[in-house]
Structures are given as structure tokens and as C-alpha cells.
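Next, two complexes with chain A in common: one pairs it with chain B, the other with chain C.
Entry: the complex of A and B
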């Protein structure tokens, strides 16, 4: 029993790291603009689908296909900002309208993918095709190591970007006080586009990392986005590190719920955690950013 | 005569008006600043002083024209106005509170990429406000009000502005601190920096300013020569009409 619990906690951490990455994507855009981007799931789905397409249609090796997919998805993030968000922003639309527009964009991308690629689920090969490592009797598969390792690198890279580069600091300045940032000559709208690119790229990375352990299809985006959204709320909305911690918490809770209560309770666990936090600690683990 | 006088104008505001939604906050305003001049914009609370500053920067939707050394200042593009060398220290200072003092100063020089020039400006600002030097690694939000105002001015100076706009720098500060800051502004002006100083408390700035505009309910009520103002009563006359 203990083994089973420990094993499922491990796999929960893996899935949780993915939720965390998606949650960070929510935070990056929210901090830059105050918008909750419900098209976040589309980026996750496109990451997996485009990598699959790159490998099967173009015959690219996995790393190239993955990098290409991340780049395309990041650009599609910019396109989302330019085509959907910016016109509303310039017109002085309310936050609610812009958030709804991102949800509409999510549906459009999902349906276009259905038309272009069909409804068949696809998967990616595991990145390292070796039998699981045995550590203290636990099986640790390599995809878990890839997920945790890549997440750690991405988060460290993001932290470095926001703390040490001029562009990163300028993005933080925009999230603190947009007008004051513009008065310093910071191109606020370009920073917003960059936030969408970063966030989309993060979603794509998450989608690519998780696909080998599950599958991807046109409709996987929304469930992932919901989990990432919950992770961001649990962590304290707008707090990237909090979102990652929230993601891990969520992943582990789901894994334990599956072991003890059955697979049907996976979503019950996720929503219970969300409700628990909304009731007891609505500002999340680290306190919300705004 | 008029050709040479427009030539020495660093900033010219013609028929500039602004509205928030359907509410007209600023009726068409004309004003100008000569090169190297320090002018004051005075007026009671709610007269539209901040709106005028935001309108010059293009932070709010405006009608009318703002020219900088004869070139049009783009509207609704504050970053572009800043790039021209027009820098506003906004009302409430607009410092980035969660960031460090050093980061705030760094962002003031966002448009500069030359490292040596950056070091020169950094030294200059820190020697003008030595108190900031002791606080470089503190978050800006942890500074006292006076230090925050110094940081806001210092951050603006990091961009080496051609004209500096200050919106009520005295707000919420102790008289001694106000005096210190105004003295620094006078020093900067003597070094050649053109300045627009917005103030509610007129006596503070009339000593510094060459000219003063009086703003009342969203439009310019008078242009006055501070040297001719002899008493508070006379000023009150301008305020109250």
C-alpha cells in the first residue's frame, strides 16, 4: 500500500508540474494585462499536436519538432494578442469582454484543429526510451525526469529573466503600473505581446512534455487549462512560483484521490481543493499579486 | 520676432483638451515653455492640473496639438513622448514599489543602451540625491515619502529629459523635505533643464518660477508673472476670480 501511495505521489508530482507550467502561463499574461487568458489550453493542445505533426508529416526528429512547435505556438500567442485582444484593448473594452474573447479564441482554435487534424487522439514517443530507474524500490520513468527537469529549468529561466534582464524588469514594471512604465519610454503594448508569447510557449512546453504519458487531441486543451487555472488560484493568482506549487499540490491530490477513491474522483479532488482554498484562503498559498 | 520666439520654444501646447468618457476634464488650453524656463501651473484641487500633464504626455485621449521643438508630439503614445525627451513625474510619483531603488533607476534609463553613459547618469543622480545611494537595494515601497519623491525625480533624470514635468511633487511631504526637493529642482533648472512644475500650494513655487499659469475648472484662467505677486491676497484674487 505504501509503495502504491508513494508511486502515485510521484506521478502526481509529474502531472502537477505540468499544471504548474500552465498556471504560470496564466500568471504571466494576468500580470502584464489583468486578463485571464482562457485560450491557454489551446496552446497546450497545439504544443502536442504540432510536435506530432512535425514528426509524422515532416519527418523531423523529436527535438526539432518540439522546438519548432514551441516557436509556432509562441507566435500564435502574439497573433492572439494582436488579432483578438489588442483591438478590444484599444477600444477600451472591459476586462470581461476581453476574457470572453480569449474563451472564444480557444473554441475557434480547437475547432480549426478538429477540421485540420481530425478527432483521432495521437501520442508522442517517450523522450528517453529506457526502462524506469529503480530508486529505493520505486520506479521512476524517464518521462517523469524530463517533466520535472524541464519544468525546473523553465522556472529558473523565467525567474532569471524577470529578475536580471532589462526586458524582464520592464515587464514587471508594466504589471506594477502600466502608465508609469509608459512614462519611462517602455513600449507597453510590445510587452503585452511578449507576455502572450511567453505564456503560449510555456503552454506548448507543458503540452509536449505531458503528451508521451497520455495522448493529445483537439479537445485536451480545456481540461488542462482548467487544471492550470486552479493551480494559479491555489498558488495566489499572479504568483508564478505559487502557481507551480499549486500545480504540484493539485497533481498529488488528484493522484491520491485516484488511489483511495477511484479514478472518477480525480476532478472531484481538483474542485474540492479549489473550493477549499476559495473558502479558507482565497488569496492562495503565496497571496495574490493584485 | 515670432519666428525666433517659436524657435526657442521647447514645448508648445495649442488647444489641448481632454475628456474622460463624456466628461470634459480639460477645456482647450494654450501654454508654452521657453528653452531653459521653469514655469509653474497652479490651481486648486480638481482644476485639471494633472489632466493637463497627462494630456501633454498622451496618457489620456486628447484633442489639440502639442509640439516639442517644432515637432509634433504623438498622441496616445506616452512612450514615444518620453523618447522625445518629455518626461513626467506623475501625481503620486508612480514608482515601482515592489522593485528595488536601483531597478527603478535602471528602468528610468530604459531607452538607453550605452553602458558608460548609463554609469555617468547613475552617478549624477546619486550625487544629486545621496540618500538614494544608501537605499539602492531596498524596495522602493519601503522608502519614506520624501525619498520616494527623490526616487521618482531621479528615475526621470535617468532618461536625461529635455523637459521635466512634475505633478505636485510636494504632495504629502513635510515642509523641510519639500524645500529640499524644490531646491534640487531649482539647481537642475539653473543647469539648463526646462521644467513645468504643477502645484496646488502656490507660494512654494512662485519664488522658482519665471512664469505661472493659473488653471481653474479645466481651463487657463490667467498667466501671471510671479514677481508682480506681492501678497497672498493678490494670489487669492486669481484663485477666486
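Entry: the complex of A and C
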């Protein structure tokens, strides 16, 4: 029993890192604009689906297909910002209208993917096809190492971007006070587009990393987006590092729910954690970012 | 200086609204006489009128947000389906029990959820819709999972049942009419004025002595009741229920209807429900294209005509000014 629990905690950490990446995507957009982008799941789904399409339709090797997919998804993030968010933003729409519009965009992307690619679930080959490592009797497969390693690199890269590049600092300035940032000559609207590109790219990375261990299909986006949102809430909305920790917490909790309650309770457990946090501690574990 | 434009725009707006209502009425009359497949479309429109009217009370009147009212439709619908198809209950008794169940759930859920605001409220309600969907999928012994429940008996009381397509349509139109009338009654009552006051400014409403939290909960429960009734009507009219019926596309669809018809207006839900049900049918498109069209239409409406068809005349006037 102990082995089983430890093993599922390990796999929970892997899935949780993915939730964390998606959660960070929520935070990046929220910090730059105060918008909660409910189409975040579409990016995750597109990342996996486009990589698969690149490999099977164009015969590209995995790394090339993955990079291509991330670039295309980042561009689609900018397109979402330009076509859907920007007009509403300029008119000063309410938060609710923004949520509704991005949720509708999620459905549109989902249905377009269904029409273009069909409803067959797809999967990607594991990145390193070797038998799992044995450490203290625990099996650690290489995809887990890829997920944890890539997440760590992405987070370190983001931290560096926000702390030491001019663009990153400008984005942080926007999150503190948009008006003041604009007065300093920061192109706030361009920062918004950049935030969507960054967030979409993060989603695509998460989608590509998780697909070899699960599968992807046109409709996987919403569950991933919900998990990412829960991760962001648990971490205190708007704190990227908190979102990542929240993601791992959620992943582990889900893994334990599967062991003790059965696989059917995976999503119910996640949603219950969300409601629990919303009711008891809506500012998250670390407290609110603002 | 632009006063005449506004007045003429308003006049034309009334004209456009009457025209649309006339078209809708003509369509209903034509379908009723001609019969056939379009009757099923109108069944759908009537049921959604009830559902969207409930949503309108909570969102249009009271200014709150719910992405999870499909949960209450599912509770009402599944209670009706299980009790009548599996246990042979009378549809009316089953429906009333479903309604009571949905009200109880709305009370228990609403109490903590309605303290939330903004995107927290949006996400919490979305989560409730997804939890109920998940339960419908996983509770195999009662709901038969994805397979769904078939063989649900038609509407009726005791030995008297409504089975003909036209009979069902008349019944559903009466229910939809009652839903609209009751919404109009609520809007004019002390209750409705309290809802609108809370939507305008919670602080101001509180200063006037309105117990905002209580009224929000009441609005939530009333709208849940409409949703549960719509759910029960649906399973009896179609004779089949599966979790997909009450999925996320239902939420987007009902919001599209609400926005097309005009959020916050009493008659809007009916107009939106008829137009949105009929339009895709006239193109005879596939299911996949339908959801795509609803989503895209909703985005366009939110961007260009945020007050639904009511804002069309303004757009027209603006366009004229630009052209001139």
C-alpha cells in the first residue's frame, strides 16, 4: 500500500507540474490585464494536436514539430487577443462579458479542431523511449523527468524574463498599475498581446509534455483549463510560483483520490478542492497577489 | 444636435422589435399548421425559453453571473427521467420532486457561492455545472452513464397524457408563456425591484435596507427552479436523456439566446430562443457546425451588439452617420 501511495504521489507531481504551467498561463494574462482567459484550455489542446499533426502529416521529427506547434499556438494567442479581447477591452466591457467571450472562443477553437481533425484521440511517442529508472524501488519513467525538467526550465526562464529583461519589467509594471505604466511610455496594449502569446506558449508546452502519458483530443481543453485555474486559485491568483505549487498540490490530491476513492472521483476531487478554497480561503495559500 | 437621430433610431428600434416578434409569431403559426420536423424545433425553443428566462432573472435582473445553471436543469431532468422511466412514477409528481431537489441544491450551493464575486463566482458556478455533469456520467447504476436513459414517458397527469407533436407544442407554449408572465410579474414586484437595485449597486441597495445576500439567494433559487422545470420538460418532450444534453455547450447556447434576445428584458429570452433555435435548422447544418456557429455568433454579438437585437438600430444609426 505504501509503495502504491508513494508511486501515485510521484505521478501526481508530474501531472501537477502540467497544471502548474497552465495556471501560470492564467496568471500571466491576469497580471497584465486583469482578464481571466477561459480559452486557456484551447492552447493546451492545440499544443498536443498540432505537434501530432506536424509529426504525422508533415513527417517532422518531434522537437521540430513541438517548436513549430508552440510558435503557432503563441500566434493564435495573439490572434485571440486581437480579434476577441481587444475590441471588448477598448470598450471597457465588464469582466463577465470578457469571460463569456473567451469561453465562446474556447468552444469555437474546440469545434474547429473537431471539424479539421475528427474526434479520434491522439497521442505522442514518449520523448525518451527507455525503461523507467529504479530509485529506491520506485519506478520513475523518463516522461516524468521531461515534464519536471522542462517545467523547471520554463519557470526559471520566466523568472529571469520578468526580473532582468526590459520587456519583462515593463509587463510587471503594467500589472502593478496600468495607467502609471502607460505614463512611463510603456506600450500597455502591446504588453497585453505579449501576455497572450506567452500564456498560449506556456499552454502549448504543457499540452505537448502531457500528451505522451495521456492522450489528446478536441475536447481535453476545458478540464485542463479548470485544473490550471484551480492551481492558480490555490496559489493565490496572480502569483506564478504559487500557481505552480498549487498545481503540484492538486496533482497529488487527484492521484490520492484515484487510489483511495477510484478513478471516477478524479475530477470531482479537483472541483471539490476548488470549491473548498473558494469558500474557505479565496486568496489562496500564499494570500492574494494584490 | 443628434437628438433626432436618437429618436428616429428609437422609433425604428420599436419597429424592428415588432417586426421580429411578428416574424416569430408568423413562424410559430406556420409551423403549427405545416407540422413536421419544425415542430420539434419549436419544442426546443419553448423549453429554452423557460431555461433562459430563469437565467435572465439571475443575470439580467439581479446582475449576477452563473455558468452552472445546466446543473439544475440536469437535476430536474434526471429526477424526472429516473423516477418515471425506471420506477414508473407519474410525470407530474416526479417533476415536482425534481424541482424540490433542484431548489434544495440551489439553497445549499447558493449560500456559500453567492458570497463570491467576479471571476471567482464565474468559476465556482462553472465547477458546479461540471460536478453535476461528472456525476451524471459516473453514477452508472442510476443514470446509465453516457448511454443515457431512454423510454421516458410523455407528459401527462394520471391517465391523461399529451402524445401528439402539436399537443406537446401547445402545452410547452403555455408553460413558456407562464414563465414569461411570471418573470414580468417578478420584475414589477417588490422582489424584482430589490433584484434590480442589487444589480445597480450592492452598497446603495444595502443602504436602502435591502438584504442583498438574501435577495441574491432568492434570485438564484428562482432561476434554478426555472432551470429544473426546463430540464424536466426536455426529458419528457424528447423521451431520452444523456449527460451531453446538459453539458457545457448548453451553457454557451443559453447565453447566446439571452444576448441575442436582449439581457435584462422580459421578452428577450423568448425571442432569442426562437431565433437561435430556428436559424441553424434553416441551414440544415451538422451538430459540430451548430456549436461552432453559436460560439462565433456569441463573440460577434458581445463585440458589436452587446444589448442584443435591441442595439441593432443604434448600430444602424452609427453606420449611417459614418457613411454620410
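Throughout what follows, the second predicted complex is superposed on the first by the 290 of 290 C-alpha atoms of A that agree within 3 Å, B and C clash if a C-alpha of one lies under 4 Å from a C-alpha of the other, contacts with A are read in each partner's own complex, and residues count from 1 in each chain.
Following the convention adopted for this analysis, a contact is a pair of C-beta atoms (placed from the backbone, for glycine too) under 8 Å apart; a residue touches a chain by one contact, two chains touch by 3 or more.
If you're wondering where the values come from, they're calculated on a predicted model, not measured in any experiment.
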(message) Is A:181 touching anything from chain B or chain C once the two structures are fitted on A? First, second, both or neither.
(response) first
(request) Go through the superposed model and pick first if A:114 touches only chain B, second if only chain C, both, or neither. (result) second
(message) Is A:261 touching anything from chain B or chain C once the two structures are fitted on A? First, second, both or neither.
(response) neither
(message) Tell me which partner touches more residues of chain A in the superposed arrangement, chain B or chain C.
(response) C
(request) Check whether A:172 is in contact with chain B, with chain C, with both or with neither, and answer first, second, both or neither. (result) first
(message) With both complexes superposed on chain A, which partner does A:153 reach: first (chain B), second (chain C), both or neither?
(response) neither
(message) So in the complex, the part of chain A that touches chain C is made up of which residues?
(response) 36, 84, 87-88, 91, 93, 95-97, 99-101, 103-108, 111-112, 114-115, 222, 226, 229, 233, 264-265, 267-268, 271-272, 274-275, 278-279, 282
(message) Could you list, by residue number, the parts of chain B that touch chain A in their complex?
(response) 57, 59, 78-79, 82-83, 87-88, 90, 94-99, 103, 106-108, 110-111, 155, 159
(message) For a test of understanding, state which residues of chain A touch chain B in their complex under the given definition.
(response) 166, 169-170, 172-173, 176-177, 179-188
(message) Give the list of chain C residues in touch with chain A in this complex.
(response) 65, 67, 112-113, 115-116, 118-120, 122-124, 126-128, 130-131, 134-135, 138, 248-249, 251-252, 255, 288-289, 291-292, 294-296, 298-299, 302-303, 306
